[in-house]
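Structure first, commentary second.
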Amino acid sequence: MATVHAVEGLFADTPNGPRLLGSRCATCSAPYFPKSPVCHNPECTESKIEDAEFGPTGKLWGFTFQVFPPPPPAKYDEPFKPYPMGFIDLDDGLRVLGQVSIEDLTKVAVDMPVEMVIEPLFHDEDGNEVVTWKFKPS
Amino acid sequence: MATVHAVEGLFADTPNGPRLLGSRCATCSAPYFPKSPVCHNPECTESKIEDAEFGPTGKLWGFTFQVFPPPPPAKYDEPFKPYPMGFIDLDDGLRVLGQVSIEDLTKVAVDMPVEMVIEPLFHDEDGNEVVTWKFKPS
Amino acid sequence: MREVAAVGFGMHPWGKFEDKSVTELCRHAVEASLQDAGVQWRDVEAVAAASSRFSGGKGWGLNGNDVVEDMGSTGVPVYNLSAGCSAGANAFNIGYTLVASGAHDMVMVVGGEKMPKGFIQTSGVEEHTDPEFLRQRCIGMPGPAFWAVLCRRRMHEHGTTEEQMAKVAVKARKNGALNPNARYRKETNVEEVLKSALVVYPLHLFEICAVSDGAAAVVLCSAEKAKQLTTKPVWVGGSAVATARFDDGITRGIGGMVPPGITHHSEAKAAVAKAMSQAGVGPKDLSLVELQDNTVYYELAFPEEWGLCEPGQAEWLLEHDETTPTGKLPINPSGGFISFGEATTAQGLFQICELGWQLRGEAGARQVPNAKVGMSQTIGLGGNATAVVLKN
Amino acid sequence: MREVAAVGFGMHPWGKFEDKSVTELCRHAVEASLQDAGVQWRDVEAVAAASSRFSGGKGWGLNGNDVVEDMGSTGVPVYNLSAGCSAGANAFNIGYTLVASGAHDMVMVVGGEKMPKGFIQTSGVEEHTDPEFLRQRCIGMPGPAFWAVLCRRRMHEHGTTEEQMAKVAVKARKNGALNPNARYRKETNVEEVLKSALVVYPLHLFEICAVSDGAAAVVLCSAEKAKQLTTKPVWVGGSAVATARFDDGITRGIGGMVPPGITHHSEAKAAVAKAMSQAGVGPKDLSLVELQDNTVYYELAFPEEWGLCEPGQAEWLLEHDETTPTGKLPINPSGGFISFGEATTAQGLFQICELGWQLRGEAGARQVPNAKVGMSQTIGLGGNATAVVLKN
């Protein structure tokens, strides 16, 4: 029984704390998550992609609640428990999707400051704890 | 262990002998096999579809040999035995595809007169003999 | 570019039709459009069809070829267009271009779809390079969540209430009740809408379109042909296709840039602006708008994103009945997706049929009085969007 | 209709590329075509793409949208065309029409495909209304059998020998050996061809095209733009799309009518006739032809079906080396499908690139001397066909 990532290579608990692993174009500073081999910004004059970490702080731009069990390929632990999720605008210029990690669902609010965390998403067939990136109020 | 048709409703052993079950437009006499609910002839002024039987006699317009086991959804009995097949121009105006039922493969010839037969194609999981339409030299 | 007229509109009603093939639905629509135009199948010189993922097309999206084989193989050129939910109007744009260019004098545009049950999955492939997979596996976020997030943001920015959103559905269903081609023909009320299942907060079942089966067809022709056929042709003022811009605020995968200001649905905005510009009309000239209301949210957001009203004014227009067929800015007099449900690739064409019938004054109890200019719009997977302006 | 020039040709070599995505293949082709044209991605005003069944397109055939997202989302209109193996040139026809109509001044046409292994199955659905299923289940007849039956009939009518058919493959591979973009670049000989596995009598492995990965792109623009870019534009003389006629002798399901005379490949014949007529050229004017040789049979049958030679004369032309690049009727100087293999939806565009390079005199060791007019042709599932005539 280990802790495994929902998908490998998307995030890490770095010495500085949890971060999303993406890339950024050195020419036009466009952020990419997941990593992109080339810059897709049509205004960019030269694609210069470098590895970049994103997070941990930002604001919740908008949100919703998943009130029914999501269809596959989503996975969740039984019994299903509703969760909030939304678009998070990170301070470093990345808009990213993610779940909001919060106990009291009535406290979720637009423009709420949040901070990235790595938390359990579900347990797989082998009993492993599968973790992903989420955002908690900061 | 019974005799079953490869697909129901496509052919029958009628009182007159084996026939293909299709339809024909009474207006333009276009033949259809399998049955068609409407006439698809763009020159036809009014679709008048009637049931029609086709066969049994015609000529082998062109042929080939299936020398390898055909991929699914085709089915065949092991061990696989190569068979001839082709386009048959029936005297009643239907060009139909079918296997040629013949022992000596060197005797298959273009424009050879043929006659429709209902013969085994393969045996299914339940041991049923699955039959289909074929054409033998006449 | 030559003038192009729309002279035939045909539709198979939307609904669930277990016993009919998509070919039969299309045949119904195509025959109705031919009859409406007063022409024969043999007069059609080319076919532009919406390419379906769900039904027909020999598993290769060859839906126009299915129609041609069924109606009679005359040898005409066939164009099958894929653009997600924008496919119908994307095909319309090709039909329009084929006539406008002089390549053909009469073109059939058709879209038909039989939908599988349940949520629309976009690819189903369990692949770590597929953003769709990542979103669902890593975040547990199915497609409709996007609408909900945008909707919740709107509530924050403009104080939109859940009652107001429900009223959009009530208005839609009121129109749908008057449309014989709509699937849901029973009126509803705010209480019933808000009591329907919460699908994804803040959106309820009655505020999101269902999946339906349906087909629609439009006959386009040159001005010369049109004048032989009718004294009252409907003209294609504009037909535009656009895709989302890089700086669009709705990230397509799981991450993108924080956009510079509000840049949502940049593809729809661009298509609408271009179609209106082609037609030489402005927001004030629109007698009616058929917009893609997969959810009630769009009916509030789109008009202001396109400059048809001020930001935050959509709720006011709704509350004051100005978006009803007799209001200042009639939206979805057909009943919209909310009343029809979605037969993905056919949607753009049911909208265009509605524009045609409204402009001819043939829309019966849901008629927009004195309709002169109508606009329709779709938005689809892949960042595709279309807009069409028809006028008398 | 305005004059349309083809000013950029780009290709990713054909082959098997396990480590590359279809997006990478397309990017290579698109960037090469832009560089060839001397323009930027930002100059492209619209994209017409072949819609794939096998790779990319978000599972919805949105292959043009993939290209746009990858190259940079400028908001351009995207058209994704499905037409089986004719998709690439079908998309070319739309690109041509968009420029000819005046709707756009510069359009990118692109097709890319990564093929699954083995025979191409058309639908895979076990459904009793699917003619494909019936043919395979009731007759045990897979797709390539059609070619074999036609080929055997030709042997009967014209006395075509197995050696002659092998010679077509030998000629194709000789050309392919000179083409850096071809997959098979080793010459072969009659003995080797006839010793290769008998796939479906009378056709051997070397006489049927393999499945490949590949991508190709063409930049089309108005005459005005072309004159700014080059002193030697290649012109689109004709671009045609057609579908099979009802009386076509190749039954699409398991049964059809006995045709009135020889009416095979009516779709290809119609497209070719129309493209030549548009271009104002006849058979004698063609410097080269790139035709769809899924099997060697087509190279013998098509020229006479189109009136490029007399019935039964194709074998004579072959035996007298008249179909080589230096002959009277050069066929497939690229090496054809036999040397490239088939990346279904991209095929039409590799042919058009070959026409472009030949007309510019840039085809190296396989150059057709003094090439002035070139024609390409495809045929695809659903009874689709295309033809393109380029000229200097």
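Read from first to last, the chains carry the letters A, B, C and D; within each, the first residue is number 1.
The rule is simple: a residue touches a chain if its C-beta (ideal position, glycine included) is under 8 Å from a C-beta of that chain, and two chains touch if they have at least 3 such contacts.
Being a predicted model, the structure only gives us computed values, none of them experimental.
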Neighbouring chains shared between subunit B and subunit D, ordered by label: C
Most distant chain from subunit D, judged by the mean position of its C-alpha atoms: A
Chain centre separation in whole Å, for subunit D relative to subunit A (CA means): 45
Between subunit A and subunit C, centroid-to-centroid distance (C-alpha), Å: 33
Cα-centroid distance, subunit C relative to subunit D, in whole angstrom: 35
Intercentroid distance (Cα basis), subunit B paired with subunit A, Å: 59
Residues of subunit A whose C-beta touches two or more other chains: 40-43
Sequence positions of subunit D contacting 2 or more other chains: 69, 72-74, 246
Of all residues in subunit A, those that touch subunit C in their complex: 6-8, 10, 20, 22, 30-34, 40-43, 54, 61-68, 70-76, 83, 85-87, 89-90, 93-99, 110-111, 121, 132-133
Residues of subunit C touching subunit B in the complex: 27, 41-42, 69-74
Residues of subunit C touching subunit A in the complex: 118-119, 121, 124, 126, 128, 133-142, 145, 148-153, 156, 198-202, 246, 249, 251, 253-259
Of subunit A, residues touching subunit D in the complex: 38, 40-44
In the complex, subunit D residues that touch subunit C: 1, 21, 46, 51, 53, 57-62, 65-66, 68-69, 72-84, 90, 93-94, 97-98, 100-103, 122-125, 129, 132, 240-246, 248, 252, 266-267, 270, 381-384
